[in-house]
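Below, subunit A partners subunit B and then partners subunit C, in two separate complexes.
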Partner chain A sequence: MENFNFILSEIFISISIMILLLVGVFKKNSSNLVYSLAIIVLVISLGLIFNSHSKDEIYFFKDSYKIDQLSIFMKIITIISGIFVLIASFNYIKSEKIFKIEYGILILCSILGMLVMISAYDLIVFYIGLELQSLALYVLAAFNRNNIKSSEAGLKYFVLSALSSGILLYGCSLIYGYSGTTNFDLIAKNILLTELGNVFGLVFILVGLAFKISAVPFHMWAPDVYEGSPTSVTLFFAIVPKVAALTVIIRFLYVPFVTLIDQWQVIIIFLSLASMIFGAIAAIGQKNLKRLIAYSSIGHMGYALAGLAVGTNSGIQNSIIYICIYLIMNLGIFCCLFTLKRNDKFYDNVEDLSGLSKNHPLISFSFLILLFSLAGIPPLAGFFAKFYIFISVIEESMYFLAIVGLLSSVISAFYYLRIIKIIYFDEATDKFDQVNDLGLKITLCLSTIIILLYFIYPSALIDLVTNINII
Partner chain B sequence: MIAHSLFFYFFSFIAIISAIMVTASKNTVHSVFFLILDFISISCLFIMIGAEFLGMIMLIVYVGAVAVLFLFVVMMLNVAQQNSELIQKNNKYTHLPIGLIVSLIIFFELIIVIGGWKFKPDIISSNYISINSNITNTHSIGNVLYTDYIHLFQLSGIILLVAMIGAIVLTFKKRSGIKRQSYIEQISREKSTGVSLIDVESNKGVNIDD
Partner chain C sequence: MNFPILSSLILLPTVGAIFIFLTKSSSKSNYNSSKYLALFTSFFNFVLSIYLWYIFDPNTSNFQFVENRDWLNGFINYKVGIDGISILFIVLSTLIAALCIVNVCNHITNKLKDFLIAILLMESLMIGVFCSLDLVIFYLFFEAGLIPMFLIIGIWGGPRRVYSAFKFFLFTLLGSVLMLVAIISIYWINGTTDIIELYNLGIEPKYQNLLWLAFFSSFAVKTPMWPVHTWLPDAHVEAPTAGSVLLAAILLKMAGYGFIRFSIGLFPLASEYFVPLIYFLSLVAIIYTSLVALMQEDMKKLIAYSSVAHMGFVTLGIFTFTKQGLEGGIIQMISHGLVSAALFLCVGVVYERVHSRLIVTYGGLVSIMPKYAVLFMIFTLAAIGLPGTSGFIGEFLILMGVFKKSFWVATIASLGVILAAAYMLWLYKRVVFGKVINKELLNMLDLRKSEIFILVALAIPTIFFGFYPEPLLNTIDVSINNLIETYNKQIFLNK
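Right, the complex of A and B next:
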């Protein structure tokens, strides 16, 4: 009999989704209760993952579900960021009047899908996890149905994502046709370099995955969806699904397609270069902060992909470090956005920040730290994240990738610094409301402190990641 | 064998033609009918390769439920009329060139793939797929669906649950100002709460606004 200790967290989340639904239906006005129960469910499942920590690689369900160091680490990151997203966005959801019982439940469903994706070791399991994740995200994007932009975002995301899922499935079917199996290990064994069909399957799958992490040229949906969705959902979009998608890309590249490295390396390098350049240039003209973050996240995905392109263990590890630090920075930035509230209205334009430092010195300081870190200025965490990526890129003597990365990081520093200039040197406008939400304050403080003090003890994160060996 | 291949080409020809017609026909109702035709011919193909369970499921689920549901939706929304008006108004097809280019590129790519394939039937080693011919299709699907693939079965259930939640979240509106029936209240009504007896004294008349 298989040892179900290791998948207890998934089982627990799926059972609690149903229980929470029942609670929400039969108890009146239980939005508050369901929301906090959802947070507690996530905390408990985090505990369950820690409880079943193991050094070995364990397979479930005829080798279609794998628990190893990579999946455990990524699951922990996913759940922790999910918890902080829920804590930080509590007040926003309440004051935007989209506080329904389904909100927390849909987030749980989406996280369940991500956990399945992260552990997937089989094409079918991977696809089911992906669909579970994105179906919940479509609904969340359109959650504020009184707002026409939110509905537009949901519809756009749904149509484009369905198209990309179709392309991805087509790639999966090609791979299945040519290798005769859906299991990742067996695909790696059966795949033949001489068959062109395998390469086509690989390309179609990579297109679908690049869409999910919004890498150029499959990024078109990201700015509109980020801007249209409620800010709390944008926060979720911006950080949590990227972890799962990145894990899946790592798995695909380094398990079933590891023999095709010459083919996919070119594709990944192109995606990475295009995302870095486009993310740096397109964000310059943006006036809306959420759009700007969308473009900046496209650029950051480019850096994360650069680490994967090199094909070494250290490259993968540095990509994982990059995505962790990216999560923390974006969490902080969105917490700052949640504080920009005046008379029950949230502001998200760049001009609204004008002279923020005069009225709100602490929030402005967090903004300053986080934006400097996003721009990659030492000694903040964002600098180290980029530094590690460049080290592993240069070790494999891919100088062109490193040079373009450096240049686009300099270009992108322009728009981050422009925001800082607007905050610190422009005319002050009216004061924003005082923040009373403890959860939001704690999240903002934590992320700022981690980013600020990362350089004192960087090996805390590095030691965790060095256990992850894929190749 | 000739009869077999005749049937095969007959059904696959109809399947391809009707798939094209689904996208090509201007009337939405016709599209749905072609979709049904497509499903039926594909289920015939399934039956021909001996997968009778899949063929029947295809008929029941896709034709019986999904397509008919589509038909109802299309008829209720009156999309057919709106669409044809829209097409008549701007008859320019500005999107056609780009669409053609993209689909042509994908088409040529696929031609190249098939050219590289060189019709080698032995490319797929079928060691991983063991088919036991002693038991029926239904039996063998059931054998793996609830054992090896139980996690996929359960997760698909959760996907359907999410779809249901999503549909309710996005469309359900609590309307105010309408009277709702409460069955519990109605059934538990008793004589003491429903009827009040008033003793009207005779010869007193009625006092209004005293």
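Right, the complex of A and C next:
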């Protein structure tokens, strides 16, 4: 009999999803209740993960599901960010009139899918998790169905994502065909360098995964979907699925394909360079903040991939740190966006921020800190994220990657500065409404303070990830 | 002594800034509490730095008041300490910051609170730059200064402030990222970024040239050296007076300090190798920017270009690797810090009254503002390097050092001294002498008490060190000797 303690959180979430559905159907006007319950479910599942913390590696279901330090850490990050996304976007969802019972439930479904992805140690389990999270995301993107842009975003995301999933599945089937197994460990053993099919399988799988984290050249969907979806969903898109997808990439690269390192290293370096450069240049001309954040997140994924390209444990750890800091920064930026409300309308163009500092000094200050941090200026957390990545990159003497990465960070500083310029140097426009949502305020304050004061104790995140050893 | 005096120096302004941030001081109450807090903090910090100079022991070349704390998982430590070279810059920083705050309190009405916070944060970061003994910590302080300076130029600057702020930020950032690559490389080559350990270990000759270039790219932009000096005139012209003062007096000195501490200290062989490059760029800077300065119609721009020329002298002096050259370079930096700050303040005085920086607007100020004319005169002469001012000591020592190395370089550099006299005196003549053509000027009031206080506070050390540079030379002497000794040993070992 297997010890289900370690997967209690997944079991708990799936049962709660069903119960919440029933609650939503049978109790009238229960969106408020379901939404709060969804947050509570996440908090409890977080507690369940902490409760079953273990230092050993544990396998389930004939080695197709693995609990190790990586999966525990990434699950915690996923659930915590899920909780904060729900807390921060509560007000937005309410005022945009998309407050339906399905919202919370879909988020839970998608998080469940991510948890499965993170722990998956088998191609089939991995694919099930991936599809579970994607299907929920398709619906979420189109959640504001009266808005034509939102419907367009949902459709676009669905078509393109289905295509990429298809490619990924084809890759999986190739790998299965050539290695005769779906288990990651066995694939690593059976995989033969001489078989070209394996390399094809690897490339197809990487294409599918690169799509999920919107790395160039598989990024086309991101700007449109980010812009079209309701902002609360964009926030979810921008941070939570990235964590899961990055974990899966780490798993794929360093478990089944570890012997193909010469093959995939070039691909990852290319993806990383292309994303960094493209993200920096394409964002310059953007007028819509959500679009701009889409391009900036493409760039940031480039840096995270640079850590993975290195092929060392410290590289992986530093990528994980990068993604943690990245999601704190993005959470803060979106919280700022949620505050830009005037007469029941949310504003998300860069120009709307004009002179914000005059009427809203504190929100502007948060913006300032978060944007400088995204640009990677010391002593803010964003600098340390990049610093760790480049330490790993330079350790392996990949100077080209490091220099291009840093130069594109200078280019990207330009568009972050442009926003700061608009906030601080330009003439003030009308006031925005006063924010009176406590959850939003707390999330914004927390993320700003963490980013601002990270330099006092920069070892904090390193200590957390230091026992994640894949290789 | 266990009291962490350096950390207190670094932290005190930040603490002051936090208090100002928390006080409920608005434009209605004239920001009084913020003003007093800022003045108190900055002057207290100045007194503290003077005390530090007093208890500083000039007879040893070891780093003093060293503090070492675990910071980044044991592999990078927060380490600060000072030697004879840094102490002078620290005192300069605290003095200039305090005077800037006096200036700001009297002239800025828009968002004064934020301005004071920005200056105090700048002060913390500047002091941090001069006492950090770890490359990563140094980089952190060095780069973090961009944020407050960007805001100072952008929020309180002149009409083209946005362009200037962006140019300043991106130029400097672009220069420094290569330095970051070099710092991380040093970590992997030597296993530490601790400067004292690196001095002892030395860096392998085969890496030195590339690393030197990476550091150079950052310092050259910050110095600024020709041809990457173009951000400076823009930034100076558009920045508010206090911003220009901070830029000219201290930010530029970070680069000169960096050259001494890192380029020469860590990469002696590469420094030797790249001497022709430095000489060439410095000479171009001296001659070319002096000529450009001659043709300026904008007073601030003229002084900005003169800064480039003066910093050209500094780099020239530093890279002679002689005692005279290095000491001259440092004294020239201190002197330029005092004099250029004062000159920008002088321009600020008349700009605030007439709102024009153009030279043609003025003329005949001597009859309207006699006190102003006297003080302006002192600083003009100091900028030229007249004997009896600190500028003379610096330039004289530098030229002596350069003569030892190369006759021709020294000759060309001396031309720069003449050009400096030309543009400064011409500026002074056009602004102060002559007839009053512009009727607007007749209503101008002479210097107020606060302005006299600031300018006199700058004039006293300028003249004092001009006649008696002993305290300065005494402080840096042992450290410089040690630096040259290590340098010569390295060169000797590798030949």
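Here is the rule we use: the second predicted complex is superposed on the first by the 471 of 471 C-alpha atoms of A that agree within 3 Å, B and C clash if a C-alpha of one lies under 4 Å from a C-alpha of the other, contacts with A are read in each partner's own complex, and residues count from 1 in each chain.
Methods note: a contact is a pair of C-beta atoms (placed from the backbone, for glycine too) under 8 Å apart; a residue touches a chain by one contact, two chains touch by 3 or more.
Worth saying up front: this structure is predicted, and the values here are computed from it rather than measured.
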item: Partner chain(s) touched by A:Phe414 [first = subunit B, second = subunit C, both, neither]; value: second
item: Touched partner set for A:Tyr138, first subunit B, second subunit C, both or neither; value: first
item: Partner contacting more residues of subunit A (subunit B vs subunit C); value: B
item: Touched partner set for A:Glu351, first subunit B, second subunit C, both or neither; value: neither
item: Contacts of A:Glu57 with subunit B and subunit C, given as first, second, both or neither; value: neither
item: Which superposed partner A:Asp262 touches (first subunit B, second subunit C, both, neither); value: neither
item: Subunit B/subunit C common contact set on subunit A; value: none
item: Complex contacts: residues of subunit B adjacent to subunit A; value: 109, 112-113, 116-117, 123-126, 128-129, 148-152, 154-156, 158-159, 161-163, 165-166, 168-170
item: Parts of subunit C lying in touch with subunit A, wherever the complex brings them together; value: 71-73, 136, 139-140, 143-144, 146-147, 150-151, 154-155, 161-162, 165-166, 169-170, 173-174, 177-178, 180-181, 184-185, 187-188
item: Residues on subunit A engaged by subunit B in the complex (per definition of touch); value: 14, 17-18, 21, 60-62, 64-65, 100, 102, 105-106, 109, 112, 116, 124-125, 128-129, 131-132, 135-136, 138-139, 142-143, 145, 154, 174, 177-181, 186, 190, 192, 195-197, 200
item: For the subunit A and subunit C complex, residues of the former touching the latter; value: 372, 377-379, 383, 387, 390-391, 394-395, 399, 402-403, 406-407, 409-410, 413-414, 417, 420-421, 424-425, 455, 458-459, 462-463
